[in-house]
Every structure is written in C-alpha cells, then in structure tokens.
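One chain, chain A, appears in both complexes that follow, with chain B as partner in the first and chain C in the second.
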Partner chain A sequence: MAARPPLDTAPKVSLREVSRARAIRRFRLTILVPLIALFVLVLMPVLFLQLYFSFHQWSIYLGSWWDADYVGLNLFTEVLTDPRFGWAILRSLAFATGSTIGCFVIGFALAYLMHKPFRGQALYYVVFILPMLTVPIVVAYTAEMLLYQSGPVNDLISRILGVEFKPAWLTDPNVALPAVTLLEIWNWTPFSFIIMLAGLSAIPKEPIEAAEILGASKWRIFWEVQLPLLRPVIFLALVLRFLEAMAEFPKTWALFQGGPGTATETLPVYIFLTTWQYFEVSKGAAMSYIVMMLMIVIVLLAIQLLRREKRSLDAMYGKAAREAGGEP
Partner chain B sequence: MARIELHNLRKTYGSVVAVKDINLTIEDGEFVVLVGPSGCGKTTTLRMIAGFEDPTAGEIRIDGRVVNDLEPRDRGLGMVFQSHALFPHKTVAQNIEFGLRMKKVPAPERQARVRAVAEMVRITHLLDKMPGQCSGGESQRVALARTLVTNPSTFLLDEPLSSLDAKLRRELRAECDRLHEELKRTFIYVTHDQEEAMTLADRIVVMRQGEIEQIGSPLDIYSRPASYFVADFFGSPSMNLVAGEVVHEDGGVRFRSKKLSVDLTARYAHVPPGKATLGIRPEHVGVGFDGTGANVLPARLIEPLGKDTLIYFDDGTERAFVAVTEGLGKAALKVGTPVSLAFDPRHIYLFGSDGRRIDPK
Partner chain C sequence: MTKSRRRRISTVVRYAVLSVWAVIAFFPIYWMIATSFKIDTQWFAWPPVYIPNPPTLANYRNVWLGAEEYTSTQYAISSQTPLVSLKNSVIISFTATFLAVFFGAIIAYGASRYRLLSEARMFQLLMLRMIPPIVVVAPLSLYYSAIGLLDTLFGLILIYFITSLPYAVWMTKSFIDEVPREVEQAAEILGASRWRTVFEVVLPLIRSGLVATFLFILILTWSEYLLALILSKTNVTTLPIELSKYQGTTEGRVYGRQAALAVGITVPLMIIGLVIRKHLARGFSFGMVRR
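And now, the complex of A and B:
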C-alpha cells in the first residue's frame, strides 16, 4: 500500500462506505435466503425423518410410523455387519473407479484431439456430447436390445471376426458389472470430455509455443507442460465423475435389478431393494445414513485436495494475480 | 550464423490480409526492429519466421535454405514472448534448463550452462524460485536466459518489454543491447514503441497495414521519413504536420494553411500547386517575441519539461502545433502571448496528397 498522509484522528468510515457495506450484505442475503429456505423446508425434514427411521424399527405394513419401536443403534450394527452391504460398497467402488478412469481417459483423449480448431469441429462436438444428453433409462433399454445374446452387437462382432462370439452380456454374473461399467463410460464420457476441453482451451498458448521452439516434441510438451498445468482440472473431472458414479442407479436397475445373483448389487441398488422389495424401511434409512457419511468423508477429502490444487495454482500464477491487483 | 530472407511473404486470414507480400533480408548479426502500430502485421511476420504460423504464400529462408516446412524446433531460433511464457510449475533453474534437456545435453553440462547464463543476465539469486515469485522484470530476464542457454543463431523478440514499467523497460533495453553486442547474433525485435526501435536497431523496418513502409537506419528514418505515416510515427514530441496547399505566387512557391504561410524557397519550385502537408519537427521551429513576421500565433499552452519547454499553438487544424525551446527560459510565458514562428527551410518536409514525401531539388 502507498503511504498515506498522516491523519490526526483514527480513520473515519465514510457514509458512502457504510451504505456500500450494507448493500453488499443485502445482496448476500438475497442470494442466501432461498438456499436456506430450501434447506430448512425440504432437506431438513427428509434428513430428520431418515434419522428417525434409522433409530426406530418400522415396517410399512405394520402400524403407524409414529408408534414404531425405538431400537437404538441396532439397525446400524445390523447394516455394518451385513456382508451383503460390504459387497455392495466394494461393487460401487469398483464400478465408480472403473467408469471414472474409463470416462476420463477417453474424454481426455477426445478433448486433446479436439482442442485445436479444425473444419467440422462443431459437428464432432455435438456427436461427442450426444451420449450425455441421452436419458439413462433409454441407454439401458437400447443396450439391452443391442447386447442380447443373439443381438446385433454379438452378431456384428462374430461376422467381423469370422468366429462365433457369444458372451452372455446380460446373464453372466462375471460380465454383468463390467457391462454396466462400459455403459456408464459410454453415457458419461462427454462429461469428462467437456471439462477437459475447457481445461485445454484455457491453457495459455505461449508456454506451449516456448516449449516448441526450445525443441520439445509434442509428447514432451504434453507431458511436461500441458499435463502439469491441467492438474487441477483433471482432479475436478475425476472427483465429480466419481461422486456421480457412486450414485448410479437407473441403468443398473433397469438392466439387472442387482442380478444376475448379486453381481450388480451396488449401494443404490441394495438400498432400494432393502427398502422397497424387502420393505425394511428403517434398515434402508440406516444404510442411507452410513452411505451419506461415507460420501461426506470422500467429499471433504476431495475439497481438501481441490483446495491444495488451487493453492498451488495460485502460487504458479501468483505474479499474474498480483499484477492484476495493481500492486507493485 | 544466420541470414534471414523473406521473399514475397504473405499471410491471410480468410479475407483479411495480415502481411502483404513483403520482401526483407536480415543480415547475419544484425539487430532489426519491426515497428508499427498494432495490427500492422509485425507480430505475424515474426511468428511466421518462428514457424508458429504458416505463410499463405512466399518463402522464408535461413542461410539460403527454405524453412517454410520446418517445425519451429528445427529452425535453430530462440524466441522471447511478450508474456514471458515461463513454465509456471517449474523453478527458474528448471525453466532455463528445459531447452538443454530437450536437446539431451548431459546433466553436468546443463548445470554449468544454466549457471553461466544466469550470471550473464544476473539472476543467480532466483534460480530456486518459482516464476510466480519473480517480478515482471525478473521474469523477463529468466525468459531471456531460457532462450540464451540454447545458443540460437537468431533471437526473435516479440514485444518483450511492453508489459513492464518505463524504468524497467529502459533497464532491459540496455540489457538487450549489451547481449547483442556480446553475442553478435541476429536479433529480430518486434515493438510498437518508436523509442525502443530508435535506440536498439541497426535497421528499422516500419510496417503499416501488412506492408513495409520504410526500411532504414534510425537516423535515416528520423531525418528522411519516406511518408507522412513514418514522419508522424517517429519522434517525441511528434513532427508538426500541417494540412494545406502549395501555391505559386509572385514568382515564388509558398505553403499556405488556415493560419500559416511558409516560403518554400527555390528548393520546392518544382512542386505543382495543390494539396500538400507541411512537416517540421518541433525542435526546428524558431520562436521569437517581437510579434513580426508572416506567422504570429498566440501561445495556447506552455509545458516546462525541465530540459526543454514545449509551447503549443492552435494552427487551425485538429492537431496542436508544437515548438520546443531549450531550457526553462520560456517557462514563464503567458498563455495568449503572440509568438513569431520561423520555419528553417532546410528542415521542412513536404508530403504529397498520396502521403509520400516530396523531395526538394
């Protein structure tokens, strides 16, 4: 800060500044009030109801929900000792990890091919985005038709290879989870694609040109300049996709309802089964709470890591930020 | 060693012609400055030499070899960018080392060369810092070092100083000059700052709307501007350019504008009557206070600069007419005082209606 002329009195806050501060506060309130209202009126009751149910044993067909017996932590112990729940967690993690990596690798590759302008770019863009605009249930039914054992996919592959190719995509328990993972990848690669395309387009072109004239190959430039500069974006793309994949329900349900056997019984599927097939509403509520806690931990970790990425980014571009701030 | 030749070099973007068939030969070891207002094609020309833009037509030769189809990294050039273009995630040392690593120079030699170059541009204390921790001037030194270390045959500098403040700019300008002296390499420097061009260049290439307006030494450009545009672009304060006409009367040739009437003497006797622009640098305008002579104008504004004092007049055109007097002697002059202006015929320029300079006989 520039040196101020000495003042006799403590710095006085001008009327203008007061009214300015008031206006800012009012603006903040206008934005926050609807959010708080939404939280209090819609989310809080649901959270409390779920909490109530997870401590009271209630079956829909047995008596009023208000008279259900208090069972303490019983339901939580039951869920946590349920091996099926453990497997559901593992399946969800496997599904989310696999599909996140798949989406990211393909999405990033497409984004890299697309990030420099070329003729017909807009058309490719639309084509690559289409899967994301398709309703998951439509994806599931179309896939069911395509993947039928004597359906078009197997038939075409057999014709191309010239050998009989007939995996039972939809009935083989070893193939089912990978199959739905592939569908998830197909469905959501555009999401990673869009984020990575935005990230690639946002990298300033001068450092890349500097590397080019200093003798770096395309591969070196990618590895040593573009990738490090993209780190925060990559991280964001991975985290968002992972959280979404953990909650995937429509395709898994429409295609498999958790089967064959329990091969595709992921967390959302198992919770749904418990609540609406076995009518164990309270156990379902306890499960939901546990899953919510798990997700909160993951999200907090993610936020922590994102903060760190942002700090490193700020450090990198610290000078630019300072210059923009107008300080010497 | 590098001699760079541009033959009918052209670049168009759709229907916009950025560079219009320019021809230029830059000798080995020469310091050439491409200068002109923004959008004149100077940066595009430099980027074509670097290999970042493909010419629409024409040839670029380095030492006689056509390099149009060579990748930037195969042209043996070094470039310094306006935005420094440092790698923000690498330390200063890693930044400088990058080019050597790409050329597979062994590690011990790399370290020695990084150190030597860092000493050369006085940034050894910065080697372990991140670019984000360096000031604008320091960053540009690092960028210079990163280019220097690869020992290129030619340095391409794209407005390297325009993001710095005036004091730093002067300092780094001197640095560029010193490096050119020491290295004896070819420098091609792009700027829109006429002062930078005047102080640095062996030869100045003035560009305008994709074409070369004039090529010459700084002295040439200053004292023999080829056109109205060049005359106007160089010099601070810039040349007085007065629109008016040439008339033949009483057996002599005169220039007349709204408020001025100047005897062009026999030197311009060959100029036919008609519209023309008279140019005279402020330092060549004589001022007197006896209120006599053909051109007496009231002073409109007095600007004491210390070494000189500028006096502004209203000559009836859009631009103010400026005279420079040495020292602060005239600083106390009152606004409105009538001043007699004298035009030294040896320092008068005349520009035709096409904007080109009309030479005296």
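And now, the complex of A and C:
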C-alpha cells in the first residue's frame, strides 16, 4: 500500500488519483489470484513430481513412491540410448509433418475455391467442417468399421478403379502409420480450411483489383499478391496444426495401441505404454521430461513466429476496422 | 477460348473438386450413422451393405436403454447403459467450460484494459495448451491420487478448466478488444465500480461472443480422451471412455452398438459446431484470425 500523501501539499485531485491507482492494483490482483492459485497448487507440484520420478527409480510394484532410490541420470541415459524412443520421435515428427502438410494443402485448396460467393457455398461449408466436429475417439472406431480389409473403403475404391484394391490398412506395418496420418488429415483438414478461408476473406480487395486491372493472370495474382498477404494466416495454420498433431493420442491409440509391431508407436503412445502397460513410471517420467523439453523448445519457436505474425494480423484487422468507419 | 467459356469450365472444375471432397468428408460420418441402423449380420458383411435394410433401432435401444435384444450372437456388454457416463460428461464438460469462460473473460478483460498480462505472458499462457498433456499426466495422476482427486468429478473438472483456460482467455479477449473503451469510461464517470463495469457493461456487450466461446470450449471438453482415460477409473467415466469399452471385448466386433453410441456422442457436437460455425476459425486460432 502506498503511503497517504500529506493533505496540505496534495490537492484533492491527486488524492483521488492515488485511491484510483490503489483500486486498480487491487482489481488486478483479484483477477490474478485464480491463475496464481492454479500455478502453485497444481502445476508446481506436478512438475516437481515429474522431476522427482525422473531421478528416482520407482514402479508400481515397489511400494511407497517417496522411498524410491535416487539413481541420478541413469533414467535419462536409459531413455536416450533406447532405440524405440528415437524411433518414436521420428514417427511423431513424420506423422505431424505429413498430416500438417496434407491438411494445409487440401484445406487451402478448398478455401481458395470457396472464398468467392457461389451457389451452394453454405452447404459445402457445413459439410466440410463436419469431420472436425466428430469426437476423435469416434473417428478412430468409425475408421475401424471402414478400413478392415474387405470393408467399404477398399470395396468402393476397387469399384471406382475397376481393379482389386486391398491394402490391409489396420494390420500391415507398412501401411498403418500412413493410414493414421490420412485419418488425421481427414479429421483436421477443416481446421486449415476455416483458417485459410477466414484469411482469404479478410485480405484487402484493392491490391487484387489493381493487379487485375493491370492485366495480371490469376496465377500471378495468387503468387505475388494474395500469398504474401496471407503469410501470417499460413504460419498460424501450420504451426497450430503441427503442435496439435505432435500431441495426437486418441486415434493412434484406439486404432493401433502402437502396433502392428511398433509401426504406429508415436511419442504419446510410447510414453503411455511405458507408464501404463509396462508400469515403468520412472522411465516414463524421464521420457516425458525429455519430450517436454523438446516440445518447450518447439513451442517457444512457434510462439516467436506467432507473435510476429499476430502483429501483422492485428494491423490488418485494425486497418479494416478503421476503413469500415469509426475507431478500431 | 472465350472468356465466358473459360469461366464455365472453371465453375465445373470447382464444383467437381468441392463435391469430391464433400463425399470424402461425409462418407465416414454417413457410414457411422448407417451402421447404427443395421442389423448385426450386416455390420461387417461381404460385400459391404451401404444402406441398412431393413433399418433397425435395436442398436439404440440396446445401447442407450439397456434393452436386452439378442439377435444371432450374445453380447456381454449389452446390459449396461451409458446414461451414467452421459450424466458425468454433461456435468464435467459444462462445469469446466463455464468456469473457464467465466475466469477467462475476467482475465481477458484485465489483459485487454489493464495490461494485466503482457503480450509475452499471454503467449506463455498458450503453453498450457501446446505442451502435449501426455508428458504431465503420469505425475498428475499420482498427485491426484495423493490429494484424493483421482477418479472424481472435481478432478476432471479442474484439469479441463486448466487446459481450456488459454482458449477462453484468448477468445474472449479478441471479443473484448472490439468493444470501444468509451463505453467503460462512461460507466466509470457515472460512478460504477470496476467489477460492476465488467459484469453489467462489458460482459453483456460481448454476450454472443461469450456464448460462442462457451460452445467452442464445450466441443473440446466433451471430446477429450487421454486425460479422462487416465484420471478416471470406475466411478467417473465420460462418454468417450464409455465408447472404448466396446472395444476389445471377446465377443467380437459390435460395430452396430458402437455406432449407435458414437452417433449419440457426436451429433450434439455437430449441432453445436454448426451453430457457432462463424466463430470456429476465431476459436481454433486463439482469436488471432477473425471473420
């Protein structure tokens, strides 16, 4: 609390200022209390426990966890020399990169075809966002109903192609990871689609009209006018999708549990298996710790990108609002 | 080629491409719905049965009402109903979402008007969402069991509240940023306290935005799987977990039952999503992209 200024030197206005400043400070503190409480009561203990288990060998069978043996960096070396862990990282990166690119390319193409009004636009929009509104675990089980070897997907493709098309989506180790990547693309293309559609409809019309008057082809307008203006939205669509894909668990788990063999063992699946199937809680914790650090690095990079792009987005919306009349 | 002819071709190409994707997007959903109306011999028949014939409500009756209807095989799980899970799902997702939107809106107001959180802090808040939950869920479950929150409604509400807070703060902030400050200044001059300004001036102004945020976060909490799988055991099951119980039973694949349950879980979400379809881009992009 600030000291009250002496009455004779301070005019009435300044007294009001002081009490106003104090009220604002109290207001801000009150708002922050729940955030701080969450941080202290949930996040800190959890992070502490994770650190504890990374340095102490404990598993469900070993009795009380607070008596676990201190093993120094053993668990970390165990994880880092575990080839399965390395493969899991590679699989996760491949899955996330593949599905991000797939979602983006399809989503952007659809958004580009749809950003100008045409008959039936609203209906297409509704159909296109449905996959995103399907619960992920439902996607997994429906995929199982669709993808078994003599199932409807193979049947339909065979009929369209006119030749026998029978990949064993769910049991062939070479096909399983691509299958779950395709599933992720089906599930989340709507995300890229709505973001890119919003971006395309928000970019200012004048530069495009100017280029059209100057006789530029659609192709050139796209590459030289629209694409640069869309850069922030593109980054957003790619970064957010990549991060979500790195964390994908329900579909991969429900369909494959890491199998066939270890073909779909992404990082979340491997951590889950280690902790809840093999009950190696400490190894799981060390693994989690490494993955968390890895993800923090990726997320911090992503945040740097997003911060820069958000500024240009805000500038764009601010300008649009000013042009629409009135203050932003 | 004349210009009008070229335009006609591009229209045809556009409809063709969009329709192909529409079929791809809709077919799995159609298949789920169709399977839920199929009798058990058609669940994985060869060749696949595309239209249920004759359509039946037996799957729904069995799954949702627990009606014992034996067809050709007997299914061990046919006697339990997911109504308890439905109740849990509703309680957990509505409460967590309400809390997230309530506190999120207040924090967002502070961030928007009083620089409560710097831009850097706002982005750090996103980490709550961007770090995969799998990396903290093991210590979290041990912590929960130590403080007695494992397998309780409150435990799941708490963690869903935390993980949806970033979305709530960012999305409501994007709405609050659009409210002109003059309104609040007028309220302050008229002598309203800060809290009254928030609750009686600002939040009512962004009512529709709050509803959109609420429904958006409801979609996320309703469909969450991993945290529910680990932090609940037997007392508290949510619908996504209930659905996975139908998997791996020794009686074989019970697609029709599963589909009937899946339709019940998904259709409400689709309706909600279609209601707020204009706000989905804003929601998923943390309010950074608007329409």
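The working rule: the second predicted complex is superposed on the first by the 272 of 328 C-alpha atoms of A that agree within 3 Å, B and C clash if a C-alpha of one lies under 4 Å from a C-alpha of the other, contacts with A are read in each partner's own complex, and residues count from 1 in each chain.
Quick note on the criterion: a contact is a pair of C-beta atoms (placed from the backbone, for glycine too) under 8 Å apart; a residue touches a chain by one contact, two chains touch by 3 or more.
Quantities reported herein were computed from a predicted structural model and do not represent experimental measurements.
Asks: Of the two partner chains, chain B (first) and chain C (second), which one does A:Val138 touch, if any: first, second, both, or neither?
Replies: It touches chain C, and chain B stays clear.
Asks: Pick one for A:Ile213: touches chain B only (first), chain C only (second), both, or neither.
Replies: Only chain B is touched by A:Ile213; chain C is not.
Asks: Mind working out whether A:Leu93 is in touch with chain B, chain C, both or neither, as first, second, both or neither?
Replies: In the superposition, A:Leu93 touches no partner, neither chain B nor chain C.
Asks: Under the stated touch criterion, name the partner, chain B or chain C, that contacts more residues in chain A.
Replies: Answer, by number of touched residues of chain A: C.
Asks: Mind working out whether A:Pro228 is in touch with chain B, chain C, both or neither, as first, second, both or neither?
Replies: A:Pro228 sits against chain B, while chain C stays out of touch.
Asks: If we overlay the two complexes on their shared chain A, which of chain B and chain C does A:Pro204 touch? Say first, second, both or neither.
Replies: It touches chain B, and chain C stays clear.
Asks: Go through the superposed model and pick first if A:Ile157 touches only chain B, second if only chain C, both, or neither.
Replies: Touch partners of A:Ile157: none, neither chain B nor chain C.
Asks: Where on chain A do the contacts from chain B and from chain C line up?
Replies: 317
Asks: Flag every residue of chain A that touches chain B in the complex, lowest number first.
Replies: It is residues 204, 206-207, 209-217, 220, 224-225, 228-229, 315-320, 323 of chain A that touch chain B.
Asks: Can you list the residues on chain B that touch chain A in the complex?
Replies: 50-52, 71-73, 75, 77-79, 81, 83-89, 98-99, 102-103, 130-136, 139, 143, 146-147, 150
Asks: Using the touch rule from the top, collect the residues of chain A that touch chain C in their complex.
Replies: Against chain C, chain A makes touches at 23-24, 27-28, 31-32, 34-35, 38, 42-43, 45-47, 49-50, 53, 65, 106, 109-110, 113-114, 118, 120, 124-139, 141-146, 148, 150-152, 155, 186, 189-191, 194-195, 197-199, 201-202, 233, 236, 240, 243, 246-247, 249-250, 254, 267-268, 271-272, 275-276, 281, 284-285, 288-289, 291-292, 295-296, 299, 302-303, 306-307, 309-310, 313, 317, 321, 327.
Asks: Along chain C, where are the residues that touch chain A in the complex?
Replies: Against chain A, chain C makes touches at 11, 14-15, 17-18, 21-22, 24-26, 28-29, 31-32, 35, 43-44, 46-48, 50, 103, 106-107, 109-110, 114, 116, 119-120, 123-124, 126-127, 130-136, 138-140, 142-143, 158, 162, 165, 178, 180, 194-195, 219, 222-223, 225-226, 230, 240, 243-244, 246-247, 253, 255, 258-259, 262, 265-266, 269-270, 272-274, 277, 280-282, 284-286, 288-291.
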